[in-house]
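Heads up: the structure comes next, in structure tokens.
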Amino acid sequence: MPNPQLPITNDSILVLHGPNLNLLGAREPHIYGSTTLDDIDQALKEEGAKLNIEVRTLQSNHEGVLIDALHEARSWAKGVIINPGGFTHTSVALRDAVSGIGIPVIECHLSNTDAREEFRRHSYLAPVCKGVIKGFGWRSYLLALQAMSYLMTNAE
Amino acid sequence: MPNPQLPITNDSILVLHGPNLNLLGAREPHIYGSTTLDDIDQALKEEGAKLNIEVRTLQSNHEGVLIDALHEARSWAKGVIINPGGFTHTSVALRDAVSGIGIPVIECHLSNTDAREEFRRHSYLAPVCKGVIKGFGWRSYLLALQAMSYLMTNAE
Amino acid sequence: MPNPQLPITNDSILVLHGPNLNLLGAREPHIYGSTTLDDIDQALKEEGAKLNIEVRTLQSNHEGVLIDALHEARSWAKGVIINPGGFTHTSVALRDAVSGIGIPVIECHLSNTDAREEFRRHSYLAPVCKGVIKGFGWRSYLLALQAMSYLMTNAE
Amino acid sequence: MPNPQLPITNDSILVLHGPNLNLLGAREPHIYGSTTLDDIDQALKEEGAKLNIEVRTLQSNHEGVLIDALHEARSWAKGVIINPGGFTHTSVALRDAVSGIGIPVIECHLSNTDAREEFRRHSYLAPVCKGVIKGFGWRSYLLALQAMSYLMTNAE
Amino acid sequence: MPNPQLPITNDSILVLHGPNLNLLGAREPHIYGSTTLDDIDQALKEEGAKLNIEVRTLQSNHEGVLIDALHEARSWAKGVIINPGGFTHTSVALRDAVSGIGIPVIECHLSNTDAREEFRRHSYLAPVCKGVIKGFGWRSYLLALQAMSYLMTNAE
Amino acid sequence: MPNPQLPITNDSILVLHGPNLNLLGAREPHIYGSTTLDDIDQALKEEGAKLNIEVRTLQSNHEGVLIDALHEARSWAKGVIINPGGFTHTSVALRDAVSGIGIPVIECHLSNTDAREEFRRHSYLAPVCKGVIKGFGWRSYLLALQAMSYLMTNAE
Amino acid sequence: MPNPQLPITNDSILVLHGPNLNLLGAREPHIYGSTTLDDIDQALKEEGAKLNIEVRTLQSNHEGVLIDALHEARSWAKGVIINPGGFTHTSVALRDAVSGIGIPVIECHLSNTDAREEFRRHSYLAPVCKGVIKGFGWRSYLLALQAMSYLMTNAE
Amino acid sequence: MPNPQLPITNDSILVLHGPNLNLLGAREPHIYGSTTLDDIDQALKEEGAKLNIEVRTLQSNHEGVLIDALHEARSWAKGVIINPGGFTHTSVALRDAVSGIGIPVIECHLSNTDAREEFRRHSYLAPVCKGVIKGFGWRSYLLALQAMSYLMTNAE
Amino acid sequence: MPNPQLPITNDSILVLHGPNLNLLGAREPHIYGSTTLDDIDQALKEEGAKLNIEVRTLQSNHEGVLIDALHEARSWAKGVIINPGGFTHTSVALRDAVSGIGIPVIECHLSNTDAREEFRRHSYLAPVCKGVIKGFGWRSYLLALQAMSYLMTNAE
Amino acid sequence: MPNPQLPITNDSILVLHGPNLNLLGAREPHIYGSTTLDDIDQALKEEGAKLNIEVRTLQSNHEGVLIDALHEARSWAKGVIINPGGFTHTSVALRDAVSGIGIPVIECHLSNTDAREEFRRHSYLAPVCKGVIKGFGWRSYLLALQAMSYLMTNAE
Amino acid sequence: MPNPQLPITNDSILVLHGPNLNLLGAREPHIYGSTTLDDIDQALKEEGAKLNIEVRTLQSNHEGVLIDALHEARSWAKGVIINPGGFTHTSVALRDAVSGIGIPVIECHLSNTDAREEFRRHSYLAPVCKGVIKGFGWRSYLLALQAMSYLMTNAE
Amino acid sequence: MPNPQLPITNDSILVLHGPNLNLLGAREPHIYGSTTLDDIDQALKEEGAKLNIEVRTLQSNHEGVLIDALHEARSWAKGVIINPGGFTHTSVALRDAVSGIGIPVIECHLSNTDAREEFRRHSYLAPVCKGVIKGFGWRSYLLALQAMSYLMTNAE
């Protein structure tokens, strides 16, 4: 979990990676590519630096850990980017956490979930998120970071 | 988790709070009010004392922790009151735990789930619980405690 | 129907029993127990007296009579407890009456309807009621009375 | 409603005609024929006499009246034949009355409901009735009477 | 129920108001406005006079009373305007009455039922009515009266 | 298959028993009783004799044999009573045979199929049969024979 | 498309006829009658004149043309009457146009769509229209014009 | 339609705006904001210039025009960004055009369609698009442009 | 659109190609093959000549243009062959045009739509067409032409 | 079953007629016409001779016989035309036979199944057939024969 | 069918192969492998010998033959292993046979039916079988034989 | 979690027990029997020894722990046997883990899930497992071990 002892600026955000995303680079590369999660986290931190946003990241296969992290983020983060993985389609608890923390959340996915199994078409989280970005591989995260930057800097 | 070292009377019950209930008082107050979970636990213990029932409480955002607690309660509790939060609508595992422990369980909710999103109308747990109480804010717990007292003291 | 000639205090409520509840004590006792409706009404009046609430009761197998009684209650009752029986799952007219009278209504059931046939899982009335209590036999009514007392005496 | 003052033998049954059946002979004769309800009642009484069964009949367009009559039949009837008309497809309250009175009930219809609109294919009452006879015009009642005679006189 | 002793002209029609419409002017005015049912009946009689149509009206919360009134109308009315209220979505018995009486029936509603809850989108009566008018507040009735006048005076 | 060499009167009917009915008396007696198929056939022939109807019977577990028999019956039978067993819910081919042969067919069942599994509620054959009788054990056949007698002897 | 060069009064409305309505008088006269679209337009203009409403009309089989016309009407019309024809059941784009233009729209149909194929029971447009009138042949338009007059002249 | 006479570079893309988007800035601003379509097109062209991408734009309320434009884009564009508006949920023809042209297409929306009506949750186009971006107001387009830049410049 | 100035014989038919069929030969050749639409039109005209049928053809991506063409064909064509493309599954307007023009229409498809996505299994047009031919590539058209020849020359 | 002793050429095909097709000419002639199955078989053989295709035919009301014939055809037939009758909508076993034999199969129907009962819209066989032809009476077979000839003689 | 003349030991079982399994080794080898049914039967008999179980086998494409064999097995077999092939998903008659014979039945499949078409996910037989084994190619049978051995030799 | 320090052979497999399986022997013995999980693990290790397979086991009520264990197994196990308990029907995350680890997984259950509640009929994991074994009590695991041995030792 992100270390709360670090000095916190006003521009920190949390990036949450859901279940199985730790397998990235190894798991079903024909769908997800060979980039690893560390590569993504590194790219996000670098891109965040350019946008003046501190990016903290967390991956967990545990729904409860993701919920805890969302709750904790209330005290230090200005926004959250979440790739809920398989929880996207099944977790009302995660949805309630997103709608309960009162900061903007963006849902993103590596693959275009609409082009896969029927059950991946429905997201419990999307209706309580600001927006959704999916289908651009690891660059979905970069786009979500850019989107978060928009949300944090200007109104309409 | 409730400390099992405490001397256990015959009248102990477990009150389980599911995911996001730790946010109570802060999260969506127009739906849930401003009472905190500590307030509720305190009120339950006091009301329990009047009814001669020791009340132990546990909140967790982790489905597994809730299941573990239900299992452990078999050895010391006479009944369980559970507000399963978002797990109400999605967790067969929790349902199986409820039906498997062989002690009466009451489902309760702060809000009237029937008056919210369509997916909140279905509960996996309710069919294996003794009864359901919902819609009375934190007093749903008090009513559940009273109901448990009925279940523990007289038959029909 | 409750006699409107009686002097009316500020703390009167109406308890409505829907179709077939007059059979209580005789009908399917393995589900509903052997307590009669008169027993329940008596218990409610006594418990009401303790809570300073005058309890008037009415049973009918006629949907229209129940609707009429709900309408009439607008002029004298501070709340309504209703066990709609089989109408729970089929009556939009009763739902409209509940939502139209502008006083708090609580739905209650003797049995845990979620543990019975699939069609008993849906209630047309619940979404326009304050809350729902079910599964505690005739004590569901006592709990509903206690819940009404909460609703009548304090805000949150 | 059948007059309870008449001396009651052990072989009385109640025949209930649901909503709109009073129109028989006038309403949609291409579906229901030109026989009137009085003709049917007369035929049933005559046929009943042959079978040593006293037949009492009641028609009502009021669901509550039908439920009341079912309840009352508990004290004097050995069985009930019911043509629930449109209530077949919509009334849980009537179903509960049938399952609650503890005497055998047979559902019958003039028309073959399976050959009409889709919504007429489902009956709330049939699962709690002994059996169903439909599609033989007013003779469906005669067959139901014969069936009731079987139920009353021999076991298997 | 309309008094059948009155001399009956050839141009009489029946206007039936279903359940809860007696609350008009009081119930949920943001949906239904503040006009009372008496206001509407008065307006209909006046408008009817201009169109040379005698308008008789009846309101009931009892499905059976509405069915009885439809049956009775066969002997004196040239048409029926019905606002079935909550019965619209649940009553096959009322549908059968409409299709059985052999005179033209128009369904009308104060609110635009298609813009409300999902279950209000389906009408059991509409398929056996001549037409439907909804969404124009109490003027829906005036338009239905005008429509009935068309039906009564010219063919196509 | 019924022997076509026998002299054929004008009053012959075919009784078809579908799959697994040969097990009668042995199979699941708590549902179907202990009467055997031979007992039933014998009873039908005797009862037929009283009604001046020659009854020929056939049982098969082969859908094709049942269809062939229906086709053949066109040349000699005035009606058919069929208990389609499990084919009731799955066979469009049998339905087409029933609707194609141009003589009246009655569907009957030993058990009340509406009171069993959900999939037994739908019959492909019922909509093209004259009527349906079910739930009276082997006497369902007797009632069907009586019903067929009505169909063969008088119009309405 | 209505010529925008004409002097525009404050009381102009647009009447839009959707796909296939140009066939009126020829197409399926047993459903729609023999009146032509020109007849209807003429009648509307005349009736409009009586009500002090200028009526402009447009028919198109092109969804895009109907949307364009709705957009353009924002600059000159006080209301729109639309018979969306087959687009009623399939066009979200037309629905969005109706909800986007900010002037009252009434949906009307010649036939009673609820009495036809199942798919004609659902309207994408109705929920964003003021009201719906259907089943009165070409007079549905006249009634819609009268309804529009109500909407334009008085509030409740 | 984009003028094909302009000299075409290798880095041109087409941005398609579907039905009602011409109303932007005026239509339902609480959902879509006050930015106009011209503002968006200008911003896209400017941002495109930075990314070395020539951006051509087209808005139409006509499904056929959008399909034609997609076809034509095959000869000059390296990619397409499409906001299909209401066609998203209803147009198989547009889907077939997207899948038939053999160049990458990105679906984008101003609003978060998952947070609106149920029918807006399903997209016919998304499964044949590269990815989807929605919920960020007019900046959804900017993000889509950035995403297209990724698709055009690097593989994984 | 077919030029109406040409001298018209009694044996002309219209062949309508729906959206995206202009891409034939280029679009997804593994499904549709490499034959172009011009090839097909040429083959149809030649084959038509042998059958003494003048074949006129039209392709459009605009639903409205297809509807207009169907309407116009009433004045000169003896039949229509239509490949509605993606409109097959979504267009009630096109269905109404087919059922409204009063000349025989045959639906045909290059691919076997039943072997593709689930949503391609339902056709709005098929129920109002004479017949359907699909799955034989461009030869589906030839077969439809042969079928039309049958329809035009002999009754049964 | 086709006699396998006959000398087999390279151009033989099997035509399978499913259940109830032996009734052709007698059964529901308003749907199927008065041509008999022998007429059709004769016409197919003659037409086949012109196309240099030996046509063998088989009708059975037994699903198993049809499956056996499909299996056997693997050794001598170059293709199969099948009218599966009622099995179309219910037989996975027949589907598996079609997909398992490795030679092209064409599904054909006399009537336009899409224009009949809802359950006739789904075919289990169509997705594993080459194509489908329906609605042209007995000439559907002729067209299927022509289609088979295309399949046997040229690739695309 | 297994020859009943053979001396029967106490440990005989029946292995039933449903439709199309005779094609094994030839049909769709990418799904089912190249082992033939004879290979499987041989392996089962050998393995059975080791387990002291006589294995008799039967394959048929006729549902009725499979039902007959199940019935006959009551007199000599201690258990049945059945691979119902396509009948798995469609045959209530086979289900009734399984539940009616009163000896343990195991369902097995070569392929993992859950990984194929949606309709293969539902089995009518599984709920009345002891257990299910699928996905292990022809070794599914061996495992089923082992499972049967467990069922025959020990209780829990 | 299995201790990774142990020397690892090439033939190790992981057996995962999902939620509530720790209650085995105590929980609902009429469904699951009285064998404990330790008994099962012991039996598996012994049987594994015979098959030259090292069996490591893990039980957890935490979905995340199960996912972690699946991930870890990639480095040392040749296969996985999983009884997902209640997660079977609800966990896409677990499914993704199974499909992501690239080693064969077998799903097994003590009870025959098809014979229980409707919601237990669907498994999210089964489609990505090699096969499924269920209904044989604790011996389901033994059979799965035997199946795994097949998968590990021979191809087809």
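Every chain is named by a letter (A, B, C, D, E, F, G, H, I, J, K and L) in the order it is written, and numbering of its residues begins at 1.
What we mean here is this: contacts are C-beta pairs under 8 Å (C-beta built on N, C-alpha and C of every residue); 3 or more make two chains touch, one makes a residue touch a chain.
On a predicted model such as this, the values are computed, not experimentally measured, just so you know.
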Between chain F and chain I, how many steps is the shortest route if every step has to go to a touching chain? 2
Looking at chain D with chain E, do both copies bring the same residues to the contact (over half shared) or different ones? different
Among D-E, E-G or F-K, whose interface repeats B-C's (more than half the contact pairs identical)? E-G
For the interfaces C-D and E-G, which has the higher count of C-beta pairs in contact? E-G
Gap in Å, rounded to a whole number, between the CA centres of chain J and chain F: 31
What whole-number Å value describes the gap between the mean CA coordinates of chain B and chain H? 49
In chain G, residues with contacts to at least two other chains: 62-65, 90
By the document's touch rule, what are all the touching chain pairs in this structure? A-B, A-H, A-L, B-C, B-L, C-D, C-E, D-E, D-F, E-G, F-J, F-K, G-H, G-I, H-I, I-J, J-K, K-L
Tell me, which parts of chain F touch chain J in their complex? 62-65, 67-68, 71, 74, 90-97, 99-102, 124
What does chain K use to touch chain L in their complex? 33-35, 106, 112, 114-115, 121-123, 126-140, 142-143, 146-147, 150-151, 156
Which positions of chain A touch chain L when the two form their complex? 18-20, 22-23, 26-28, 60-65, 85-90, 119-120
